[in-house]
Every structure is written in structure tokens, then in C-alpha cells.
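Shown below is the structure under consideration.
Chain nomenclature is as follows: A, B, C and D, assigned in order of appearance, with residue numbering initiated at 1 for each chain independently.
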């Protein structure tokens, strides 16, 4: 693992996600750019001292020297955005599969380079667009794909948060500081941090691709350097229209990612904060409440549920689904087998698409032209 | 009453709205442009045969000849959009107060002429933007106005419906036919029918005014002549940003008007389909559920509730609030008194603003420029 | 109308319920036992001064002398419980149909006498167990009756309120004072005021009859004279088991009447505070959300809806359904026709059953035997 | 681990619960009474073959011989009810701490013997009444304890499920078979399986103890040998009244454990299927929605949350809280330190109380006396 030391947030999430299904063991790490912090973090995590490293470079170099079976099988990258590219590139170049947090990289160029490297090496690369790991998101995608809703006409995807309503980056709040800092986050704030999740969710569920956008991007909190709100009109490749909005100043909102999809024959609604419920409408029938295990679901959804009906699964289990699927893909690779097609996960190409979204949505926000091509 | 004969929808709503509080009695009507249908409708409604008229012209002329105290006190206009102007103008010119369904008129010119006429005659004119009649909408407005949410930053107002997902205007469905017919509805379909309600609600609750818009207007159902969906980015006069979308092809949606308002200190959420609940967020406090009578509310809200806590009021009561307030304003006028300032209702100027919205949103939809001034 | 003067609650509800559909006009009243208050209330209500009476006796006597077509067609009784019997009896004896608020009477003896009198006179008698007037309650009943849920096994009916959590009867609060006073309410407090609604709803929806009960009846607020909470186990005549609980000290609850019914093939759930939604479960299928107009419903439900999908109807409309059905039954009687079987309303026999419930639940509360026969 | 082999349900839950926080590693197991099945299960779980045992006796004997630091630190028992006592007793007698699934044992006698043994050995014993591991349940308990709701008057605890609406035990459905079999489950079916969770939750949240019960216990599915439904009236030691009902034939219900608590000053509501929300009412204030991280919560609640606001945690995380707290208590013991008082978990005494509940609720169900002492 690269990153995820004391004080970090997403590193712990990755570790739990990796641990839940018992296929993955944390064997080494460069948990912080501060070697002492890395060492202490390793202790917290029961990682043997000799495999806690002071930098990702050291980790990759030394682990590579260990015998197969003992050395790490893949690298997890859980650092801020500007430290995705370096370790990802080096891991790939040294033959390690990679799990990387989103967005894929700091710049579009880096993203494209990583995509090329994955293609070249043939290694497995998972990007933790974790929200697509939810079973009911799989169900939504399967239903759209099967044509149950008819041709899709309209998509509304929202990602409201309120936690940056005040200038939290001045309050020594680590999560706020790097996310609002262009040198660590890149050209976008909210649109990169959560807007990309919304974009990914919309395209994943519908199977459509955004073709053009019209964005209204704002910084509401005085003195903030990156966007904390954005409202975007969307056009999709089948003629569908859409709205995407993401915000970190929507006071009172928690982590309100949600999507509505309307087709010629029906619609659906899913909301991350109550992720085990999918509302499905069909013209001239009562609205239906799809729920894990009690509702007959698609194989795609069923393959991502661990517990019986009414036992809520949450964010960590969705995250774990990505790790589980990645781990089984790695196992299959080792065994020379094909991976199970039901067990998908976001790839480096989803990451490139996310980076393109960031680039274009910021461009559109600055443009006086109505539409910017994706 | 003008319009509202057999087979109509909104006429019945107006009658119930007028009847609920006991201040208004239906004394005469020109219920249909078909005299026989008008006669039969009058019978259904227990209106004396001699006061059921074959046209609004006849009604206004004959009623005017009746002695005061016996003749009608005001005219309710519940016809399709293209028959608002004629009776409204004639009623005003003959000294009758008016209640008119929205949108105010068929064209902007008509709307401005009516506004001028109201100003000139000093008569009372209510427009049934009924959704602002809900007590919890009054509460929302009062809370924004009092500054409890701080400066408003973002407004999301939605009006999804799904009832025109199929080409219902071909199914001999009267409500669908006139709403999708440019000769009866005007230049807009969904944006005029329900988009104006959304615009009115957003401005009413926030006290802000839209200054510019960027609209993406669509016709999804093949062969339909007017828009059935629209997505709009908004700018408000205090710098707030917003999204407005209205649709009649959002399959599975009923009458889902709702609004979210986010300010520097808090946010609120109201949804027409569960109108007795207002969700209120304040930074660093638990989210609160405001409900009639059990929650201490503003005087504005309390003045529009009829029953104790937990006894749901609905659409008809909100409509009745407009009629009640209008009737009391007329009574106050007759008594030479000032109307109660708590008992407001939408006026001809709100109607003009709604007509401007229709004009501009359609213009923006056709424009390649990003922003169109309101 | 008998009762319902200034300061009353349910009288106003009856008047709105009667007015909504335009079939009923308020023509006279004895609005208060205080003649001056009655007079002033009549003025408020636009009732001609000569038909505002000082007592119900006077009203019935004088109205009877008026010519048919002019005199009142029926009597509405909206007084506290101890003044139901007198006016109801006198109205029936003088040939007037009756609408009476619940519970039917002050004692079981009175109730039986009224039932006998209705049978003898053949007059129409409606009891305002208004909660059965909701369209989705009609739908629930129709679905049980059609066998869609299979044989019913379990019923849970709840009526929690919190408004008497403190000793409101000491706060000069009229609604609290008479409801907690044995000389006005009878032998029961909460169980009579709202427990009877729960009993009526359970039997109405399921078509079953309670055969025995085991009750735990409490007074929680010190110094209160009548029960403010009761928990009851139920047995039904088909072998189903049930729970009924009603409370006025459930702090935070508004008017939370709700019912769950479970059968061999499915279940349903309805809640008065969101009355336009009925949740329906069938084994091995997704749970369904039944809503007016957008869901295909039974004729019984459809006959009680006034507005399109997504336009919420509430408490007053449910009340109006009872008045409308009663009025149409009276009209049919006058016309010598049979009443429409879809347009039912609670009768004097439902009232007798409610009085029996009160008697038995209080008896069971005092008993050390487990079960008391209904 | 004892039990939890292929085809089992709760074993997997225990393993995930143990893995989530990284403090516990699965080192050995007797996963099935069938040695071959045990062996295969061990392989699935990456347990070294030499530490997969054919019986719990073998496991305890052999592990005991391993050097400290290598041998297992505690035993998890995840077998059906009739195989709790044997391994628990043997583990305790051999110096191992124990985590045991509920109910504690097959009979009251066994339960008491285990309680005595825990007391005698001083070992740490956790019972997985997992629902008390939810953060918002901790919050509810803390709020009652702090007196914020005033003296508690009424408790309604429900545990409806519908999964045994048909005779699933005839469908080769392992989970149904043992739960409905008196030789594996004991004297109770639903009341033991889920009724005890409800009892535990009610007493945990309120801090009160049930003193007497009146139960109506049923078998609805023909041919079933143990209760599949029970409705119970409760008296608590402070004078509060309550209702507990649990069911496995409530068609359409999933795993609907929920609790409402009403006190003199307020009330609260929590529902397992949406576990991150706690509704809190205070007289004369708006109802509040308590949610993790965004609402200021008690230290007890905060100590059991892993992720930021709006990232839902679920059943597995609640389970993990018990394992985490148990593991930290074991670590503290090893380090000679006192355990953190915020990190509680259900103990053997909670298990004895659950067994008493089972005994008494079945006794009451058969009794013709109204009340049975707890």
C-alpha cells in the first residue's frame, strides 16, 4: 500500500475493502512520505517492521527482490491525486498489478501514459470508482442493458455534499486542505473529487457516453482556489439529455450521490445513502422497490451481495466488491484462467474518461459557448 | 366561472378550492364554449338554470345587470391558456375581480395588457400558482427571508412528471390534447405547463429573481409539437446559481415538484407529493423535520393550516388557500379595510413574470449562446 | 348541524367535508349550548340568522315545520360524546337522516337504542369513522377481499399520538379537557377517542371480526382520570392474531394511525400521515408502491379520488368521501333509487361495534384473565 | 472457529466481522462436524491444512499444545443452538476466551453453567447480539441514559420477518431446517431466533429490565414444530409498558427489527434496515434526524463509526464492532490494562437473560394467566 498512514481517510477504507472477503492480506506498505509516520502506521496495522518502507520507490524496489509467493501481489495507491501517477507507473513498470484511487492522475497526459502502460504490460489495473460496486447499481445497469426501460431519454445524476460550506481548509482539516489545493488536486475541486464519480455512475448505469456538456462552475466560499459547486447539462450519444450537478457547499447534505434514469418504458432511482434500495417504475404498473435477496435480481447484482435480505450492506462492502473482483481477476490470471465476467471493476480506461471529464467540464465552465464536446 | 364543464380537470379543483372555507358560493357560469355542455354542467353543479350562460361574454354582460349583492362578486377563469386573456380582460373592464389559472395568457403582449389593466382598474387579480399556497412553502419562504439559512448560494427546483411518456394526445385524452397543441397552449409545452410553477416556486421561496438562463429544451415523443422536457441552468440576482428542470416524459414520476435551497448557514427541502414535511438543515446541527402544528412555525405558515398535527392537508387545501386569501382580500376591499398581509396570493405580476420565463426559456433553448438574460 | 361553534375542532372538519363536493349546503345549526355563541358562530358561517337555533331541540322542532325542499335534509352531530345520543335520537324520531361523529354514544345502551331506532325508521345514518374514507384504505380492503394476500394471519394496527404527554387538560385546552373528562367522554379516554378508529380500520380493511382481546390499559400522566395509553392483543374470527395499540403519550407522534396486514401470500402497509401510499408485498416479487391514478386500482378506490396522480389528497378529502357518499345515498333514497354499492360509509352498526370495543377493552384492562371475549 | 463451513450463513458473517478492523486473523477452525467438509472449508478460507480440525474437541486440544503467540487467542462458536454449550464450555475450561453466537445455549441450565464458568475463570465472553453494535443504537442508549427523553413510559420493539411464510424447511433450505427443528433450536423458534434480539435491544437501549410478560405465541404454517410468530405485552421495572412482537411469517418483511421509545420529554425511533438514522423527538421542538458524523453524537456512538458522513455502514460493521471491542478487551487483558469503557459488547449475562426470555415467553404463551413474571 502506498499512502494511508495515520490521519488519512481513504487508506483505511481500502484496507477494510481488501480485508472483508479474506482474499487479500496487507503485507507491506509505504504509508507516508514521512518515514517515521510510515513506521508508526505500519505498527498500527500489524505489518512486519521490515516491510514498512519509507517511500514507494523503496517499497517497489525491495519487494521486487523478494521471492514470488512472499512478495506483494499488487500495489494499492491511496495517496492524494498528485501522487497517483508516480507509484502507478513504477508499479506497472516493475510488473505489479495496481489498484488506484480516483481520479486516475493529476493531468490528462499522465492518465494517457498510464493507460498506454497498462495496455503494454497487460497488467491488471483497478480504479476505485467504488460507487459502481454496489449491488443495486449493478442491478440498475443490468436492467437498462436488458432494455426493460426502453431507450433512455433522460438522466439526472447528483452528488451534493455540504461539508465544505465553510472554509474548512483553514481549520487544519487534512481532508479539506488537499482537496482544495490545486497543487495536490489538479485543475478541479468538487468536479474532480466527486463530479467524476457522478460521471462514472451515469455512464456505468446507462451504458451511454456523454458527448457534450454545458457547465456552470462556481467557487462559493471566499478565498477558495478550486470549484466547490458545478451544474452541468449533458448530451449523450444516443440522444438522451441529462443533468449532472455536484457540490460541496450544499449545506446539510452528506454524501448524496444519486441517479435517476428515465426511458421510454420506465425509470429507476438509486441513492447512495440508502444503497440497498432501487426504485423501478414501469409505465402503467405500480412502482417497485428492488431490494437484495428478497427481490429476484440479475446475476450481476446477486454476485455482489454477502448477506440475507434486510441486512444492510454499505459503502465498505461496495468498496470490497472492487477489491474482491480485482483479487479474483489476479488469481484467475495466476491460474491462467479467464476472469468471471460478472465480477467487473473500473479500469484504467474509466480513469482516462474521468480525467477527460475533469478537463472538459472546467473548460466548459470557462467557455461562453453553450456546448463543449466531451 | 368561465370553463370547467364536464370533462375538464382544473375547473373542479377551482370549485373545491373555492368551497372549502365557506366564503365563496358558485352562483353562475359559462362552463363550456358548447352551450348545451355548459347547461348540463350547470345542472351537475346545482347552479340555477338562468345563470348558466353560453359564453363568458354573455355571462359578464348579464351578471353586470343584476343588482349588487346578487350578481357575481368575481370571475374565475379555468379555460385552456388561449382563452385566459379574453374573459380576464372583459371581466376587468366591467369591474369584476378575477381569479385566473396559470399561465396568465397566451402571449407576452396579452400578459402585459392584463397587468396594465389591473393597475388601471385597481381590481384584485389572483393567479393560481397554487403550489405557493402550501403552508410549508410559506414556512420555507419565511425562513429564507428571516436569514436563518444565510445568504442563498444554490437552488435546485425540479418538476418531473411522466404522464406524457407516450403520445397520449393521440388517445383522445383531453388534458393531453390541449397541452401539446401550440394553438391552445402557446409557444411552450412542459415549460409553460409546469416549468412556470417551478420558476414561481423558486422565486417565491427564495425571494430572489432569476437574471439569466441557459436552457436545453427537448421534444422526446416523436411527432409531438411542443417541448416535453427541459433542463435549465439559472443565475439569480444575488449571485446564487441554480438548476430548474421540468419534464413530462420522466417515466414513473407523478407530480414531483420539489425544491432544495442551500445557503451559507443551512438548507431546506420541500416536495409537493409529501407537502406537510419541510426538511431543514443547519450546519453542525441535526437535520430537522418541520411539520404543521407540532413544530413551532412562522405566522405565515400557521395562517394556512386548517387541522391539527398529523392530519394531512393536500393539493386542494393549498388551492383553497389562494381562494380563501383572495376572497378575504375582496371582502376587505368591500369593507374598506386593508387586507391581512399574512394572506398573500400570486398576482398578475407573478403571471407576467411566468410569461417572461416561458418566452426566455424557449429563446434560450434555441440559442447557441450560453446565457440568455431573463 | 349540532355543535361545531367557535372554538370547536371537528365541527369545522365536518363543514369542509360536507362542502368539498358541492352536494351539501349548510342551512341551519345549533352550534353551541350557549345561544349567544351559537348566534355568533352562525354569523361566521353565513347561516341566515333565523335558522341559527339555541338548542338542537329547537332546531329539529322548527326545521320540521318548514316546507320540504326548504328544511334541512339531515342533521350532523359534532358535539362531544355525551351529546351524541340526544340529538341523534330526536332527529331519527322526527324523520331526519343523521351524520354523527364517533364514538356513536356515551354508553352501550344508548348505542343499542340508536341502532334499533335506525332499523325501525329506515333512515340513513352515517358515523364519521373518517379514516376508512381514504382511497388507499378502500384499495387495501379490496385487495384483502379479493384474496390477493391469501388467508390473513396477522394484523398490526397502531394509533400513536403524543399530544397529551403533558397534562394539557390543565392548560385551558378545550380539546384536551373534554377528552379526558369521564363525564363527557365516557369510560375510556384514548381507547375511545382513537382506539375505536384503530379497531374500525382493522376490521374494515381485513373484513375480519375481533373475537377476543387481552388489554393492558394505562394512565401515565399523573392525575389524569382516563386512559392515555393501551396495548392490546387480538384474536380474529378466522384464526388471525393481532396487536392494537393506541396512545396519547407517545411523545413526538402526531396522528400516526397505521395498519399492517400479513397473509399467506402477501402483506400490505398503510399509514394515515402519508395516506396516498399503500405498500403491497407479494411473496417472491418486489414490493410495490400503490398510488392514486398512476397505479391501476380497484373500482372502490377509484371512486374516492378527485385529482390526478401526485396531487396529494388528505384528511379533509377522506372526511368528504363519507359526506359525499352519505349525500348521494340520501339523494338516491329521495329519487327512489338504490345507492351505489361502491360508495359505502360507516353505519350505526359500526358505531355499536366501536362501543362494544370500548366496553370490552376497558373490561380486559381490569381483568386478570388473559382473554376477554369481544 | 467452530462451525461456519460451506453452506453456513452466520460463520461468514463472523469472519467478516472479525476481519474488518485488522485486529483478528483466522488461524484455525473446526468448520463442520463432517471432517471432509471442514477440510474443504478451511481451504476456501486460506487456513493452513494442519490447523483445520475435524471437531471442536480436537481443535481445542491441539491448539492448547501450541506455543503462546502461535496458538489461537480465542474461540468463535457459530454453530446451531444445540452446539453452543459444548465448545463454549470446553474452551473456557481450557483457558480460551470465547465469542459465541446467540442464543447462548440450548437450555437454561446450560446457560447458567456457562455464566458460572465465565465468572469462575475470569475469561472474556462475548455474545453476538450484533444489533447493539450499531452506532445509532449506542446513541439511543446514551440519550436515554442521559435523561434527555425523561422517564421512559412506553417501548415498542418489533422484529418482523417474512422468510418462513411458506414451509421452507421442506425445501432443503438449511437455514430454515435447523431453526424450525426443536432438537437443534430448543423450545422456541422465532422467539428464540429473533425475539431474543428484540428483548436484548429493548433492554439495552432503555437500560430497563422486563419484569413481566403476557405472550400470544403462534405456529401459523401447518406442520411446523416451533413458533413462527409471537405478540407480547411487557412491563418494565420502572413502570413502563411495552410491546414486543417478532415474526417469521410477516410476508414481505425482510429483517425489520426496530424500536420506538417514548419518555416524558421525548421519543426516539431506530430501524435496523436503515441503521444510520435515528429519529429523535422532543416535546415542542421539530423532530430531529441524527446521522453519523454530521450530527454531534455521544462518545459511545462516535467510537463505533469508521467512515465520514453519508457513507452508509451496515450489518457487517455492527457485527465488526462487537469483534473489535472484544479483541481490544482481549488485548487490554494481555497488556494488563483496563478495557475502554466505551467499547462494550454483550456478555454471558446478556445471554442468560435471553435464555430466560425464551423460557418465560414460551411459558406465558401456554398460560391462561395474564402475566408471567420474567
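The definition used in the following text is that contacts are C-beta pairs under 8 Å (C-beta built on N, C-alpha and C of every residue); 3 or more make two chains touch, one makes a residue touch a chain.
Quick caveat: nothing in here was measured; it's all calculated off a predicted structure.
Visitor: Can you tell me which chain lies farthest from chain C, using the average of the Cα atoms as each chain's centre?
Guide: Between chain C and every other chain, the largest centroid distance is to A.
Visitor: Consider the two chain pairs A-C and B-C; indicate the one with the greater count of contacting C-beta pairs.
Guide: Higher C-beta contact count between the two pairs: B-C.
Visitor: Roughly how far is chain A from chain C, centre to centre by C-alpha average, rounded to an integer in Å?
Guide: The computed centroid separation for chain A versus chain C comes out at 55 Å.
Visitor: Round to the nearest whole Å and give the separation of the Cα centres of chain C and chain D.
Guide: Distance between chain centres: 43 Å.
Visitor: Let me have the rounded angstrom distance from the C-alpha centre of chain B over to the C-alpha centre of chain C, please.
Guide: 34
Visitor: Which residues does chain B have that touch at least 2 chains other than itself?
Guide: Residues 253, 280, 287, 291, 294 of chain B touch two or more partner chains.
Visitor: Quick check: in the complex, which residue numbers of chain B touch chain A?
Guide: Chain B reaches chain A through residues 149, 153-154, 156, 160, 162, 165-166, 214, 216, 218, 220, 229, 231, 233, 235, 241-243, 245, 247, 249-253, 260, 262-268, 279-283, 287, 367-371.
Visitor: With touch defined as at the start, can you tell me which chain A residues reach chain C in the complex?
Guide: Where chain A meets chain C, its residues are 280, 284-291, 294-296.
Visitor: Okay, in this complex, where on chain C does chain B touch?
Guide: 9, 12-13, 15-16, 19-23, 26, 45-46, 161, 163, 175, 253-256, 272-276, 291, 293-294, 306-317
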